[in-house]
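Sharing a structure below in structure tokens format, with a few things to ask.
Labels for the chains are A, B and C, by order of writing; each one numbers its residues from 1.
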């Protein structure tokens, strides 16, 4: 394998040459045209474009953009896509240098992969007030500003089960095998709800999760030799033996079963609250930790961050930074973040009332420092949907043992390298 | 009739130039990418790997099984779509009072594009089937494939029906009448007279369904999402995952080229076989 | 009486079959009136109340009238150009038999087999490249998208027209040439009017494709004032869940114009063919 130099490129056929032009032209571009849209007005900063994956807030985000234009005169345009198409659209846009000014990514594998598209945001006014560890740093630079924090664990019905009372895997497993008349613990068929979230727990309870993950990836350690993972396998076996088959149920159905009292616990996060809105729920809900190795902490992290496109013009960058400053410090901006988007505060000193009970549990866990990280953000890109979920579905529809499950999952990690 | 070169250019070049810019050039750029290892980001260096991607594809079990599955899916779906479409076309060109109304109704599934249809069918095959005690079709590899074939047939039968109707209506009444005067049964008229005269439409429909089924993507994503255990993953989805989920752009392109060659060969064979059977009118 | 009865039975059977066949469409329609919890209770049941709530919110969130205008413009102009350019090309290829014709035809047909996903990134790179070099707005503009639709629609349209033209006798065209028509006039006065039924088939198939297309417009149309209906409806599709009632209400209003259009065309097909039969 050799790098393409000019000499070799010259020798290639026209077809290949064309593609070299296409791949190579991104390196030093500053995308100056189309940015001087400010026209004759002096005060208004350059127009910015926003592309982001959280479709749930799209309407409010459009309203926010209008509010911003009204207050400052700067035009903000929000692009749209479906949750599923976001990443491929973004990649295509960035590769054609037609990228948005501001966009969203999951911090971790995604932001590391795209590191050279991410502008340093270290000079934002409020950046040192972002709660410790929540801003996304790549290569020592602060590049991502968190939307919110989200947490997941066992969402439970307080009338049916005392999930806070589980102090060990044995407690949980014995509840799963003894619960009558009710589905004890619901997972659902979507990749993240089927495996990724619940599989985060055994990674996160390791003494040094990132180091452990690195060892798994390099094949130095095997999951099946680790106690936390053995307990995880026990839980999965107990779910298969006693609960509704996750392969048969969707996120919508799982939340419906929970909201109508047919399921005692679902492994979900605070975002699920919006799914309960249409139901008439007569019971209280709580959010408890998955008690692997006696764990009493919720998996909490930043699901997505704002990033600024390095290819944007200087005017656009300045304008986008003004926008972020406004969003996180002005009254209107904060009102949108807290009350319209329903986000959990990520800036020190910012508080939110009128938060839903699940988000409150997450906010409490953050305040009490009872949180474990999302190791899953650092898993190899795409591994959840292409490997982990199919393996887990296979597990739930066959008689594979828990140990075999661990070994197959383990192999997927090793092969992804 | 003599046509000058000038007129030939006037008539064909506008379309061919647009077509070349929009389809042919990007396709060749894609071929170019297939010789590189590249993750699809303009800022990241593409590394020349020569034929390596192609050699890897031939050793990629998951891709090969997706490919075999796609061929099986296509063969069955093409037959069922065309059979049903032809039956529909014959039914709605009879003198039945409801013929026109049912033609519109049978065509309706094709009007609904995109993913939502797959999600609706997903609810039918999983939740509704479970509630009826039939069991979840989407968690069984074979039944999941069957479900995809059913949905594809449901959606596309009305589409080919339209082309068959055009063909059936072009057959002169006198020909049919003459044969019935001669005492031919419905079945004889159908197989001896109508079907042979319909061969051009059949060639067209076979090709249209063949190319659509080989490329099927929406139904795969929304109905089975490649599950269970990737056992219903078809080619387009496999390549989409390779390029956009796993960021192997060059490798994904190599897969696309290989598959394109296979499909092109199969389709050319089909077209040349059926066109030979066409009757000149 | 008995024979009348015999005539009714096939009609009833046919209708019954059609209704069962449209069950998924029934589901789309009924669930556009239901709340999330009602849909969870029973997806197959009739809605408990007929509320236009979800239609109203879907229409306003989609910026419906602007999107409708864009979709109409895009579909009508693209298809008009596809029909004109493709029929011209197809006729030439069918009548001017030579290496170039055969090459054009096989090129057009072969590329129908390329999955769009594999060329979408090179295509967008090329369009941006053209835009930068020439200043023509290829991306984020409806004319640019129309240009791309002509390219993607060419294969199937030429294929269909070519298939039909090969079956019509050349004698009429020769007669017109002898009468002094030039090639341009021969095509528009003699050939094109004869292509009516294929033209309608092409129009119907392309209307549905372009009207419902999501991937290509989502890559090119970014600005709010340019969005088509499918792009505007995309916000109902989240990463994990779909806002079912709004998405289905959006779908119903999206396909209504197409259904109306199809019913209109259907009449026209029957008429056109009947008229042809009388003349012949």
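In this section, a contact is a pair of C-beta atoms (placed from the backbone, for glycine too) under 8 Å apart; a residue touches a chain by one contact, two chains touch by 3 or more.
Given the structure is predicted, the values throughout are model-derived calculations rather than measurements.
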In this assembly, which chains make contact with subunit A and also with subunit C?
B
If you count the contact pairs for each chain pair, which pair has the most?
B-C
Centre-of-Cα separation between subunit B and subunit A, whole angstrom
36
Starting from the mean Cα coordinates of subunit B and subunit C, work out the distance between those two points in Å.
16
Going by the contact rule already set, what residues in subunit A reach two or more other chains?
19, 22, 25, 84, 91, 95-97, 253
Where in subunit B do residues touch two or more other chains at once?
25, 29, 33, 40, 42, 127, 240, 243
For subunit C, residue numbers touching 2 or more other chains are 121-122, 125-126, 214, 237
Contacting residues of subunit C [partner subunit A, same complex]
35-40, 61, 120-122, 124-129, 132, 139-140, 214-215, 218-219, 222-224, 227, 231-232, 234-241, 244
Under the stated contact criterion, what part of subunit B meets subunit C in this complex?
1, 3-4, 7-8, 10-12, 14-16, 18-19, 21-27, 29-30, 33, 40, 42, 91, 96-98, 100-117, 119-121, 123-124, 127-128, 154, 159, 162-163, 165-166, 169-170, 172-173, 200, 203-204, 207-208, 211, 214-215, 217, 235-236, 239-240, 243, 249, 252-253, 256, 260, 263-264, 267, 271, 280-281
Which residues, counting only subunit B, touch subunit A once they are in their complex?
25, 28-29, 31-33, 35-49, 126-127, 130, 136, 138-140, 221, 226-230, 240-241, 243-247
Once bound in the complex, which stretches of subunit A touch subunit C?
19, 22, 25, 33, 49, 53-56, 58-59, 77-86, 89, 91-93, 95-98, 190, 192-193, 251-253, 256, 259-260, 271, 275, 277-280
Listed in rising order, the residues of subunit C that touch subunit B in the complex are 10-11, 14-15, 17-19, 21-25, 27-28, 43-44, 85-86, 88-89, 91-93, 95-96, 100, 104, 107-119, 121-123, 125-126, 130, 147-148, 150-152, 154-156, 158-160, 163-164, 166-167, 170, 173-174, 177, 183-184, 187, 197-198, 201, 204-205, 208-209, 211-214, 230, 237, 242, 247-248, 251, 255, 258-259, 262-263, 266, 269-270, 273, 277, 280
